[in-house]
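Chains here go by letter, A, B, C, D, E and F, matching the order in which they are written, and residues are numbered from 1 within each.
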Amino acid sequence: MTKKNIITMEHGAGGQVMQGLISKSILGNISNRSAGTVGLDDLDDGATIALPADFNSSYEIVITTDSHVVKPLFFPGGDIGKLAVCGTVNDLTVMGARPVALTCAIVVSEGFEREILEEIIQSMDLTAKEARVAIVTGDTKTIPRNELDSIIINTSGIGFAPRIIRDNGLSPEDMIILTGTIGDHGISLLSHREGFNFNTKLESDVSPLNDLLEKSLQITTHDGRSAITAMKDPTRGGLSASINEMTQKSNVGVILEEEDIPIKSAVRSACEMLGLDPYEIANEGKAIMGVRPEYADEVLELLHSHKYGKDAAIIGKVVAEHQGKVLLRTPIGSLRQLNMPVGDPIPRVC
Amino acid sequence: MSMEAKLLKSICDRSRPIRIMHICGTHERTISRYGLRNVLPKEIEILSGPGCPVCVTPVEDIDIAIALARSGIIITSYGDMLRVPGSSMNLMEARSEGCDIRTVYSIDDAITIAKEHPSRDVVFFAIGFETTAPTNAATLLRKPPKNFSLLTSHRLIPPALLHLLDETNIDAFIAPGHVCAITGIQPYQQFADLGFPIVSAGFEANDVLLSILMLLEQSRLGRPIVENAYPSVVRRKGNLKAQEMMASVFDVADAQWRGLGTIKNSGLKLKNEFADHDAVLVHENVIRSYKKETSYERINVDKCRCADILKGKEEPDHCPLFGTDCTPVTPIGSCMVSQEGMCYNWYQYRNV
Amino acid sequence: MCIAIPGKITKLLDEYTAMVDFGGVERKVNLDLITGSEEIIPGLNILVHVGYAISIISEDERKEISEILEQLENDE
Amino acid sequence: MTKKNIITMEHGAGGQVMQGLISKSILGNISNRSAGTVGLDDLDDGATIALPADFNSSYEIVITTDSHVVKPLFFPGGDIGKLAVCGTVNDLTVMGARPVALTCAIVVSEGFEREILEEIIQSMDLTAKEARVAIVTGDTKTIPRNELDSIIINTSGIGFAPRIIRDNGLSPEDMIILTGTIGDHGISLLSHREGFNFNTKLESDVSPLNDLLEKSLQITTHDGRSAITAMKDPTRGGLSASINEMTQKSNVGVILEEEDIPIKSAVRSACEMLGLDPYEIANEGKAIMGVRPEYADEVLELLHSHKYGKDAAIIGKVVAEHQGKVLLRTPIGSLRQLNMPVGDPIPRVC
Amino acid sequence: MSMEAKLLKSICDRSRPIRIMHICGTHERTISRYGLRNVLPKEIEILSGPGCPVCVTPVEDIDIAIALARSGIIITSYGDMLRVPGSSMNLMEARSEGCDIRTVYSIDDAITIAKEHPSRDVVFFAIGFETTAPTNAATLLRKPPKNFSLLTSHRLIPPALLHLLDETNIDAFIAPGHVCAITGIQPYQQFADLGFPIVSAGFEANDVLLSILMLLEQSRLGRPIVENAYPSVVRRKGNLKAQEMMASVFDVADAQWRGLGTIKNSGLKLKNEFADHDAVLVHENVIRSYKKETSYERINVDKCRCADILKGKEEPDHCPLFGTDCTPVTPIGSCMVSQEGMCYNWYQYRNV
Amino acid sequence: MCIAIPGKITKLLDEYTAMVDFGGVERKVNLDLITGSEEIIPGLNILVHVGYAISIISEDERKEISEILEQLENDE
């Protein structure tokens, strides 16, 4: 047997293995990595584009991209079309931008049913309408069935931000707010995979967050800084990957209160059965953010008043100690580290 | 005052220097998740034994599974097996190379796959301790499809524990509650007889705390016995039906443990009457031709200090491979493969 | 090792399989290892490992343990 | 046998079949299709984004997207990485924009060799450097080998345009300029496919066109309109699809001089052997444009002075008659219609 | 003055009302590409005959190819075959459904595929007129691999032409130059004998113009003969070696033509000695079980007016299906399948 | 029907295949249908259909035709 240096599923799972691939194989080989304040190196949810000299505005342009490859294509609570719109709308939103327009590039295998394609597009449309974004340009490629078995949808997005929210802006004393329960998306998908076959009423949380977060993003300090100091959407790699990234990039420590992290009982049970860690499971309709302490209650109240934020909670706070580490206070009062996931959350029996 | 707080207080009151080993990944999970070690008095040390059946699966067995997969056979296995390294790659990498390797939650799902592909051979990579072996026995007793066979790599806990005692540094044991649900606690009497307090425990934080408290009490009294702190699930004699099924399908045999070497009577092999479903026999040709091509370069594996670490004699960073050749992404010994392994946790949480 | 999780039988499917509810997630479970000795009926709590019931959970025994705890405490 | 309404390779080939799919299944199902002057309905090379009210600039924002799925990944003259950068740079350029930044979303199958991935990224980098664009944000997904057999790269791009060039701006008397020989990309790829095995020194023309076209885009009339009235890059569907689209959208007629259309002898021979029409073969480093007659010579001279424009030629002109039709004057002096391709150019024996 | 201009001038000088039919897609290609019809005097009409061997392949043969592909056999064919409609789909759609259908430039490439997949069956869908049939004959004479067979659907030009003459409206013929390269021009003598001027022509614009000029000259003289305007390639007796090979592999048989019905002696079938490579015999079971399941609803196909159009008796827009059920994207008859078909061109260029 | 294209033999590969150049594109061509009767050597012009040489192109005959043409013209 010879060992080749090949890509495995772990390389796309949002954990340490993926970070290695991106920083070595991608960042390491690209020379021009920035066209504004936030660029490729920042590995944020998107990037900013500097305006030509004669632009004269207090806004910044934000762009982001994601390719969507979910299986099954239709799942409880959503489908690949809804996901493709939400993924990009949410990345723009957690950068502090108002999403304005999306591109939509579809790669579909020959043999795909046209009716299903149309259902997916209709779902994209419904979601785009909800999120008040336009789909302004696109691309369609078909490839032979023996080369691709389904459909891949890339959406890239553009938005305008009065104040960019980075993922490295946490400061000691900031409160950590999570906008709802974790793990719903990942577990609802896993339940339908071959070899698991769980029955559950659980639905994916996939949803556009721009409306939920709009008002919170408008709260500023007297000197015009945003009340939200850092924000991400905890997708692949789950809450654990996102909060670790924010903590490391911000050079602070974070202490989370395990008993305050909202999680549904079905998610908890499925995770127990499969030996999975709910903090590593993907979400598609949640944001995790740092909020200046004096605004935490105001933000929480705004979130609670919105259908997508009913379960929002303050789950912890930023500290000056424990630099780069996320600590979890467990129900027995002990502190333990919450680590960056390694690779794909794989169901376990032991 | 919560139950956990009460237990903790009792433990602190009775605290004494003691090195307690558990032998169950799920116990480690409870201990890590609740951060139990941080709230226990420093003098009470909790160590991880060889409690991950997946991680102790030897390199050769992984290689055989990959060789079978490469010959076109569908390999089914628990997700845990995917990252365990063979001599040149793990099952996940083999799948990336085009092999048909599928994870299942239960052997019953593997049977379903075999029925859905009657024209292909399906092998279930059957690993696990006494908890898992009966499920595979039950399946064979139900006459599985002809195209279905087991690649067995089962291991038994007591012989391995006995092997560690050899030159160990451990004072007491937490016995694995789910293993005991099948076997009962009788097989652990021998450890009490050898002078080790031993308690079968459940998997909630208070279950584990209770067992620690009971071990401290035994230690204080200087009266090592085998106790059951998990009576809602573990019966003294265990699950007799499951034991019978296991006995009618498997014979006890010597077995190799990754990082520990060969341990007498520590494994299970299929009885002759199940030869038609024994992957090693059914696919003898594939395995023979694979073995011809393979020569193990064991240089790295030989340097692994897992055995000493499991015996409590060494700490991970004394291993020459630790953090360089051996990391969670490129693990060598079972202590790094397993998320509950000492090397893994040392690497992940001590930020080397 | 050996993750196992308690569940409640909601429906018997045939002589050796049942639907079992695990706090909002249902799955088919194989009863081969526990049939025979006791009455298997909906409502029964069982412990499930890799899709197999390996033990019937006894609530009586559980109560006993919490009594033991109290006793230990009272010892002090 | 039952007939399902399924996707075939024709649906991605850039011809009439693809137009049908896009207009019915996609446009027909999307409600918000515009966020500026040029939107999804225009099916132009990209779209424009209107600026927030307080922006104050003479520039417009242009965005575009393309997913790249070429086989083989490495071909004479280029590779999928170079193609991915050029495709998007060129779409921005033919919209009149200066390309500024690209996003890069990679979907790769497990088992893909990391070394090859890095070669592709390095090629993207080289091309991005040549085109003076930054790659500012990205995404990496891995999918199981039985679901995808190779790699798909989406690039979306953003640029700023002082004057948008549409593809519907042709006016009678405009000269039609093609920046070089046609068919090089498509034929060089086809030669390497299973079942053909042609030997040829022909190379793909894949190259970024922004530098070639930069000066020409700056030529304006005394009242500030661009000398270039319409432009496209003739990729899938070839020259025929692009010039027909421009002609139909502009409501004019176009007469091309067949003898003036630059084409290499190897392309001509391969097309003869395979019964293909060179006008329907894909290009990846060419632009086709309408130019106000008084500026045609100046533009041609600028093109000739650049390495990518050496073979540029005036190949025809716009007329008021024959509305919506492209006519080709053949070597014997006859006029015949050059039609929009139907589907994929399929090699023929008869 | 260019050669073409000289020829055109001569043609105009000799112009007279005449309806000339060619029977070759490549002639149509030359005529369309150069826009010859636009520069010829209106009274000289050039019509397209049944000159596309792919397009006249009957629905049943396409269905059989798809049935074979669905059974797991690799089907190889020329690219032209992909869009030709069967009763419910074409080969491109079958490939979209997961069938392994590959386009080749030459039968030799199909042989290469068969050698590369020794454990699979490979069928070459062998269509074509007299030009193509000898290449398939040569292949069978070279002992192809065992897993290789031919699904033959060859057609012969002269019997079909004869069939059209029946109630035709045609005055003269351009004979297909590449067919004549194999057969020589002798087989076309019969048309001269029946009173039709006929000239074998090459495929440059001036070749076609020359043949028109020669037909006008014959017509003027009232002396119909068979002439050869393509002597650099076509010999009077044709390619004797190719004819021999064809004769030793194929027998002449009746054949069905899409849009024209069954025509006597207009096809080729494999001789018995090649039964091992005759897909219809080798894969008899697949074909039999497919035929059992199929009942042709020929309603639409029956309305097709191809036959009358080819005879010059009808124009496409008199067909009830034209432009509605039958379009280039959903073709029904051969006249719409083929890019050189009258219906196709009528639809594409007259902007209905 | 039957697209065919002239090419020039550049190299003989074995007794029945040759590399043939078609104005900048080369491909292996099968000579089975033309071997025997004439000398097959590099430089020979042949007509190729679906990868098979079906005829040897005679330049002499071509010239003859253009003479015929002239003759026709002179007729007028």
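In this text, a residue touches a chain if its C-beta (ideal position, glycine included) is under 8 Å from a C-beta of that chain, and two chains touch if they have at least 3 such contacts.
Protein names from UniProt, one per chain: A, D = Hydrogenase expression/formation protein HypE; B, E = Hydrogenase formation protein HypD; C, F = HypC/HybG/HupF family hydrogenase formation chaperone.
This one's a predicted model, so the numbers in the text were calculated from it and none came from an experiment.
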item: Where subunit A and subunit D overlap in contact partners, by chain label; value: B, E
item: Least step count from subunit C to subunit D, where 1 means the two chains touch; value: 2
item: Most remote chain, CA-based centroid, reference being subunit F; value: C
item: Leader among chain pairs (count of C-beta contacts); value: A-D
item: Relative to subunit D, chain with the most remote C-alpha centre; value: C
item: Whole-Å separation of chain centres (CA-atom averages), subunit B against subunit E; value: 70
item: Centroid spacing, where centroids are CA-atom means, of subunit B and subunit D in whole angstrom; value: 58
item: Length of the line joining the C-alpha centres of subunit B and subunit C, rounded to whole Å; value: 22
item: Gap in Å, rounded to a whole number, between the CA centres of subunit F and subunit C; value: 85
item: Subunit E residues counted as touching two or more neighbouring chains; value: 25-26, 29, 51-54, 78, 92, 95-97, 105, 109, 128, 132
item: Where subunit F touches two or more other chains at once, by residue number; value: 1-3, 28, 49-50
item: Residue list for subunit A, restricted to those that touch at least two other chains; value: 4, 6-10, 109-111, 144, 146, 197, 273-275, 348-350
item: Contact pairs between chains, per stated definition; value: A-B, A-C, A-D, A-E, B-C, B-D, D-E, D-F, E-F
item: List of subunit A residues in touch with subunit B within their complex; value: 1-4, 6-10, 16-17, 20, 194-197, 273-275, 328, 330-337, 339, 342-343, 346-350
item: Contacting residues of subunit B [partner subunit D, same complex]; value: 92, 95-98, 100
item: For the subunit A and subunit E complex, residues of the former touching the latter; value: 109-111, 144-146
item: Complex interface listing, subunit E residues touching subunit F; value: 3, 6-7, 10, 13, 24-26, 29, 51-54, 78, 105-109, 128-129, 131-132, 134-135, 138, 141-142, 176, 178-179, 181-182, 203, 210, 213, 217, 229, 231-235, 239-242, 245
item: Subunit F partner contacts - residues on subunit D that touch it in the complex; value: 191, 197-202, 264-266, 268-270, 272-275, 348-350
